[in-house]
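The same subunit A turns up in both complexes below, where it pairs with subunit B and then with subunit C.
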Partner chain A sequence: MSAPEHEATPPELTPQELSRRDFLKRAAGASAIALTGVGLAAALLDANGPPASDPVGAATSAKGLGDYSLPELRGKPGRMAIVRGVVPANSQAAQPDRKAMLERALAALGGLGAFIKPGDRVLLKVNAAFATSPLLGATTHPDLVAAVTSLCLAAGAASVALTDNPVHSPESCFALTGISEAAAKSGAKVILPGENLFVPVSVPPSGNIGGRLIRDWPTLAGPFKGVTKVIALSPVKDHRRAGASMTLKNFYGLLGGRRNVFHQDINGIIAELALLVRPTLCVLDGVTVMLTNGPTGGSLSDLKAMHVMAVTTDPVAADSFGMELLGRAVTEAPYIKLAETAGAGNADYKALNPQFLDLGA
Partner chain B sequence: MAARERTISTAQRNASLAVLALVCAIAAYLLVRQPQLNPAVLVSLRAPAPKAGVAAQPGGSVAAAALATPETPGTSAAGGAKQATLASLLPDAVPGVKALAAAESFNPTTLSDKIDGKAELYLAAGFAAMACRSYQAGLGRVELYLYRMKSPDAAFAAFSGQRRQGATQSPLAKNGYLTENALFLTSGSDYLEVIADRTGQRPALEALAKAVLAGLAPAREAKAEAQSGTKAEAKSGAQPAADLSPPDLFPVAGLKADSLRLAVADAFGCQGLTSVYTAEYDASFGGAAALLSRRKSPAEAKAQLELYRRYLTDNGFAAQAVPGAPSGAVVLTLEGIGVEVLFTRGPLLAGVHEAPDLTTALKLATALDMALKAKGLDK
Partner chain C sequence: MRIPLNIVTARRISQIFFVLLTLWLCAVATLGATFWRLSGWQVNFILQLDPLTALGTLLATRTWYAQLLWAIPVIALTAFLGRVFCGFACPLGALNQAVGWLARRVTAKIPGARAAALRARLADNRHSPWQAAKYYVLAFLLASACFGSLQTGLLDPLPLLFRSLNMTVAPVVDAGFQALFLKPRHYASAWLLFTVFAAILGLNFLRPRFFCRYVCPLGALFGLLNRFAPWRMGKRDDAAHGECGNCTLCDTYCEGACSPSGALVASECLMCMNCLDACPKERMTFAGRASAGGEEHLPEPTRRGFLFAALTGALSAPLWTIGGLAETGKNPLLIRPPGSLDEARFLSRCLRCGQCMRVCPTNVIQPALTEAGLEGLWTPVLNYRLGTSGCQVQCVACGNVCPTAAIRPLTLDEKLGQGKFAAKGPVRLGTAFFDRSRCLPWAFERPCLVCQELCPVSPKAIYTRTIFEPIRFGQADFVAAQGSRLSLAGLPRPTVNLGSGDYYLRPAGLSAMASPEAGLRRINAAIWAEQGQTLTLDAAPDAKQGWKLSPGSVVEVVVRLQKPYVDAARCIGCGVCEHECPIAGLRGVRVSFENESRSGPGRMLI
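And then the complex of A and B:
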């Protein structure tokens, strides 16, 4: 059985076989289908991408977590006070009174009232990275948390909360570091890093920093909702990878997700963190400094009692002073200079003309 | 319809098939790609993996649950068997000490989840796995970390890389010491840290360490048996010099206690310079360090010397001819930084690191050379 001729050898297409009317009908039909598809796609388009589980801070997330520095100080040299504490001869305490040190430093800067106004909602960014005793110096000391909280409330703050996204389990970290207890006693609310508090955030470029690593990255934005002032409370520690862990590295605790991928560019990420959030105040606690084997330490012999505390509006200057406490050059933590380049602060803390105070004098 | 079909040419049919194929390919691509969102966004949209210690302990209080650190979920299947074995070495209890929770296990990918930036030290040295567990000891809390490294050298590198000066020698191990609140030691390829949150916990620290060492003993004994022949030879004085390890070759006079260190990789910041032991000396040698590295062959030792020499000259050091230096030694100096001396003896790279001046550098280099000669390593 032979195949029909037109199947074996299709006839040549001739203009007579497709009328003008048919052509127009087909063209109109195809155009209608195409336009319907485009219209449908346009109707379904979500230009903003998928929503976060909690859109808190969505307005600020694209530009970081916010600038909480005092407007009158923006673009001007930061302010800084450095205080040396003493352990009273008749005291059984092993360390100087952090609250007294803090009050002295703040008094030199015009008092906490210069920074915290009645009604302010204050967020403390603590370092609660590890589930270890405060004795090991790997985390923000609970006495400092209590001191800052009580002073803020005394200054009229409407609320004080604190947060961190620790390396270990949050509950264990806040409990074992003594921060939970200090917060409870002094009136601060602990905000654990629940899943609904993370929002994709990007850091816009500034200079040659930013816009490269923190892009749509899950960030602990929830605790910043409604906050008017931010205070960073950081210990001074050696850090095997970064050189040092102080104020700027403390902001690493605002990142979520598999953030350890950033260890490959530790200086780049810390410099971007300097742009992620601009704190109102930074308290760098050098009462006990972890000189070796950081950031976890482990042995009391990793620590050195230095009995020093710095309070400043400039997080970069805070870290440059911290490097001095560690006995290292600023260049040994390259992120400090990078942060300065990005306009996050001054890598030469002495340029701020800090006030040096001594409680023992 | 039949009339229309007759108007379709082969070219039209092929073109339409090509368009359909393209559309199908696009559809398939979209189907595959559409669930693959930016991982960062995905993480932010879903519940984070529960972290250790979040879950309440059965029958326990919330506070107790907060203090606990149960086993980390999601360890890789590939490393599961090895890590389970390691975790099983951490005891449930020893006299006066009781585990607060199950052990946690970590592999090279997850180590930084536990110890953050300190993971670099272990990974660079040659890390295989780690298990840790929390204990209650009286009113205090003790953390036990057992690191399985890839070799005894790797374990020693992790141990020596964070050695605390002025600590007390531990009776439990040759490479072991106690600080006010912690105990650190190596056993073969394992490195153990036992850390208390307060002072006065030495009995608990040692009890836990002994329990772990007891678990490691069978493997250690098997290894010791295998090496027993070599040890017997050494005792009889017949051990070949080539078998001596660098730690046995440093001159003893002036050697600072507990100053021996091993850099497994990138020693002194020099990329490619590997397995270098250093030993620090006292003020009689200007506080300089001697260095030794055993290589596979004399040629490799010379290549390592050349690598480090080039690294130093690239960083401003200048080679100079110095009378009185060991035979074949290269002496490099940089004003304001110090003096380095390098030479080889057979498969050994030897030298002096960070001597403050030429006199002390040559003094220590000569002492090291003499010590090697005394062991028969003079070529």
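And then the complex of A and C:
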């Protein structure tokens, strides 16, 4: 005798049949539990155990943050203009107008339109390392941020954003340096270095530089998403360990994690930073130069008014010019030569035939 | 006494077998030359049977580690036959049952004592809604595991028992016999481990198998897995056996308090089989149908309670992260055994079963009390002061007994950075740092250098720089010389053995004029008396080396010190230096976790 297959008949079932039906249901349920166990084990089986925390082998992460240099200039000498500004005699200002200096330098290079095309999405890498006043010259000057932003937007850029992973707390840094306010006024978006914007990045070797320090290293990659042009805006500062902090050292602010371990090989890491990202344009702001007590400064007496600004496509050349402002030989910051060896630019800025411009002339 | 050959006897034999097996596996999980030790014994067999371990690590790591596949047969068994594991196999359950039985034995020959005892036993074994509590515990632990924090081992009876036996009972017993270890083992916080173990056993006085009924998360998991068990305990009311008289003898002896006389709470049945034995009319059966008294599945855990437990468990894992103990705030003394995964992955696997601590031949692996924070309670941490000689370089025992690979099973090649691991280098546990205010040569002008002698790395990670330093109260006036024998006056009583070979004599102030070693003459023997001192040098003092052998000229004793330094790039953090340092309290050289391999990129050195 077999139990009816249809659901419509329960009232006619005897207790024994009920019990049998219940038994079969339960057997099915128990089998499902057992098979779920088997299925999970089969699907998620880890036969070899977990991998080590420090695996051997090549870095597997993304290669660098990108090359944003102008394609027509790659492999060729960069372009450079150096401008001296003046404080108008009848002005209250203590410093020359950075926007005027910038425009003059850019005009000599064919205008910003030669670098920023309509629709470009521009990222500015500022130096906002410390939560200090712009008067102390330890960070990118807000006037420069505002000038670059408005010029980019005038040239048709779709968007301008700026970012940095500073030493002090990011919110304080962007606020106290005046960069936030300048960005808000001129239309740039400040991207704070949120934890989720960092991803492991590796720098592939070039010459004998790279492939060694920045390996699967958490790097501020998020702000680069969708970006088509990168402009570095850097002050010129004394730096005991590195010799000087200018354009290339500014890129240290793209590193996350326990980046201070890299100070054991400061020149090696800065040379790798030159490969990590290739900017479209670099502005080296020598209006006030921090000669002592860098890179934090802290006193106006650490600064010297030099009223100079360099605009160039070559970050290495920018730094070699910066060393001249600091009154130091290029060899005192060995990373400059290392970056040149790695193919990141020219350690002799004069080889670029820079245009010397003087707003006072 | 006649022992009936029935299912209860079979259950007892099985329980005794599993308890003995557990004890045996604890005994053999030790390194030694005798044949019965670690000779291929499956020392983790009982831990591997554990479905809670398999499920917990599954949720925490999204993998099913091959060593935990033994849980599958246990899951299948439970799905079909109910909590057979609890009744027949669980060694902690067996101990609980034994204590509960002993606590309720009627020994007094007082009239009426037996009846009173039976009444009390019936009250003890009545079903309680609090038995739902263990399902909340389970929900908490599994939710926490979902977010990467595996805490099941704290209350899972198998790791709990192994931990308790390995680190409290076994070492105390063996301290008397010394059959397993040459000297008594040390386990930090053993008193707390035992307190928990003793409390679990003691609670059986309150209710039989208290832990199994109210707390055990593994039992709760089994209680869910037997949801559809086709065969189960139950009562029959049929013509052949007549109606149940409700004598409640089945309830009286029910270990699981699942109320077999009434509506049976199926998830709570521990398969102790006592009801089968107790029923005077053989109405209790193990069969493929529901109990005639009716059936429920669970002890009414409220949905809200369950949800609350799961939510708090889910929150607990992120809260550990907020504490920052696995990352920025990591305790510098949190040194994990060689092969340990990075802290986050480690905590998603470690059961705190104590197998690594048991097997470690040098006894440096200790249960963490505070080192790893609350989340890492009783996880393994190396304490180089305890034990016999730091982490032995040629040993990979801990990783090879770890049941979940929280400590990876290393080969010697991988640990030492040989063969195909040559490019990666050795596994580093941390770095040794000298405390120059405590190290004998650095702080007290005493030669020592035990650390460098025992550093097992080649080339040694501890190296030295030799210097000669004037000792305190080491100046004297020259009186006379007879070849290499010098008579001096005014040298204060020395506090060291000047003739030991470590001490030298030179004209005072000479080092400023010439090289640091100018004029040095080793003192081969020294005789001191208040009125005059005689030093025998290794050679006669030479005027050409700056010696003025005129009475009244001042000489000084200098000590040759080899001051130790750490070559951090070579140090593997094995801790032999720290263990052997003669500064017994806070050692003159100490290891902390910096530069450990398991931290991955960004450790101390680049």
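Quick notes
As a convention for this text, the second predicted complex is superposed on the first by the 300 of 361 C-alpha atoms of A that agree within 3 Å, B and C clash if a C-alpha of one lies under 4 Å from a C-alpha of the other, contacts with A are read in each partner's own complex, and residues count from 1 in each chain.
The rule is short, and it goes like this: a contact is a pair of C-beta atoms (placed from the backbone, for glycine too) under 8 Å apart; a residue touches a chain by one contact, two chains touch by 3 or more.
What you are looking at is a predicted structure, and each value in this text was computed from that prediction instead of being measured.
Residue contacts after overlaying the shared chain place A:F198 against subunit B, while subunit C stays out of touching range. After overlaying the two complexes on the shared chain, residue contacts for A:A129 are found with subunit B alone; subunit C is out of touch. In the superposed pair of complexes, A:L213 makes contact with subunit C only, with no contact to subunit B.
Once the two complexes are overlaid on the shared chain, A:G29 sits against subunit C while remaining clear of subunit B. Contacts of A:P170 after superposition on the shared chain: subunit B is touched, whereas subunit C is not.
Contact with neither subunit B nor subunit C is seen for A:S91 once the two complexes are overlaid on the shared chain.
After overlaying the two complexes on the shared chain, residue contacts for A:N293 are found with subunit B alone; subunit C is out of touch. Touch criterion met: A:V38 reaches subunit C, while subunit B stays clear of it. In the superposition on chain A, A:T331 makes contact with neither subunit B nor subunit C. Touching more residues of subunit A than its counterpart among subunit B and subunit C is B. Overlap of the subunit B and subunit C interfaces on subunit A: residues 49-50, 52-53, 215-217, 257-258.
Interface residues of subunit C facing subunit A in the complex, by the touch rule stated above, are 51, 54, 58, 61-66, 69, 71-72, 75-76, 79-80, 225, 227-230, 288-290, 339, 341-342, 345, 349, 405, 408-409, 414, 421, 423-424, 597-606. Within the complex formed with subunit B, the subunit A residues making contact are 6, 10-13, 17-18, 49-50, 52-53, 129-133, 135-136, 167-172, 174-176, 180, 195, 198-200, 215-219, 239-242, 245, 256-258, 260, 263, 266, 292-296, 298-302.
Those residues of subunit A that touch subunit C in the complex are listed here as 19, 22-23, 25-34, 37-38, 40-41, 44-50, 52-54, 56, 213, 215-217, 257-259, 261-262, 264-265. The residues of subunit B lying in touch with subunit A in their complex are 3, 6-10, 12, 37-41, 43-48, 51-54, 63, 65-69, 112-121, 141, 143, 162, 164-167, 179-182, 184, 193, 195, 197-199.
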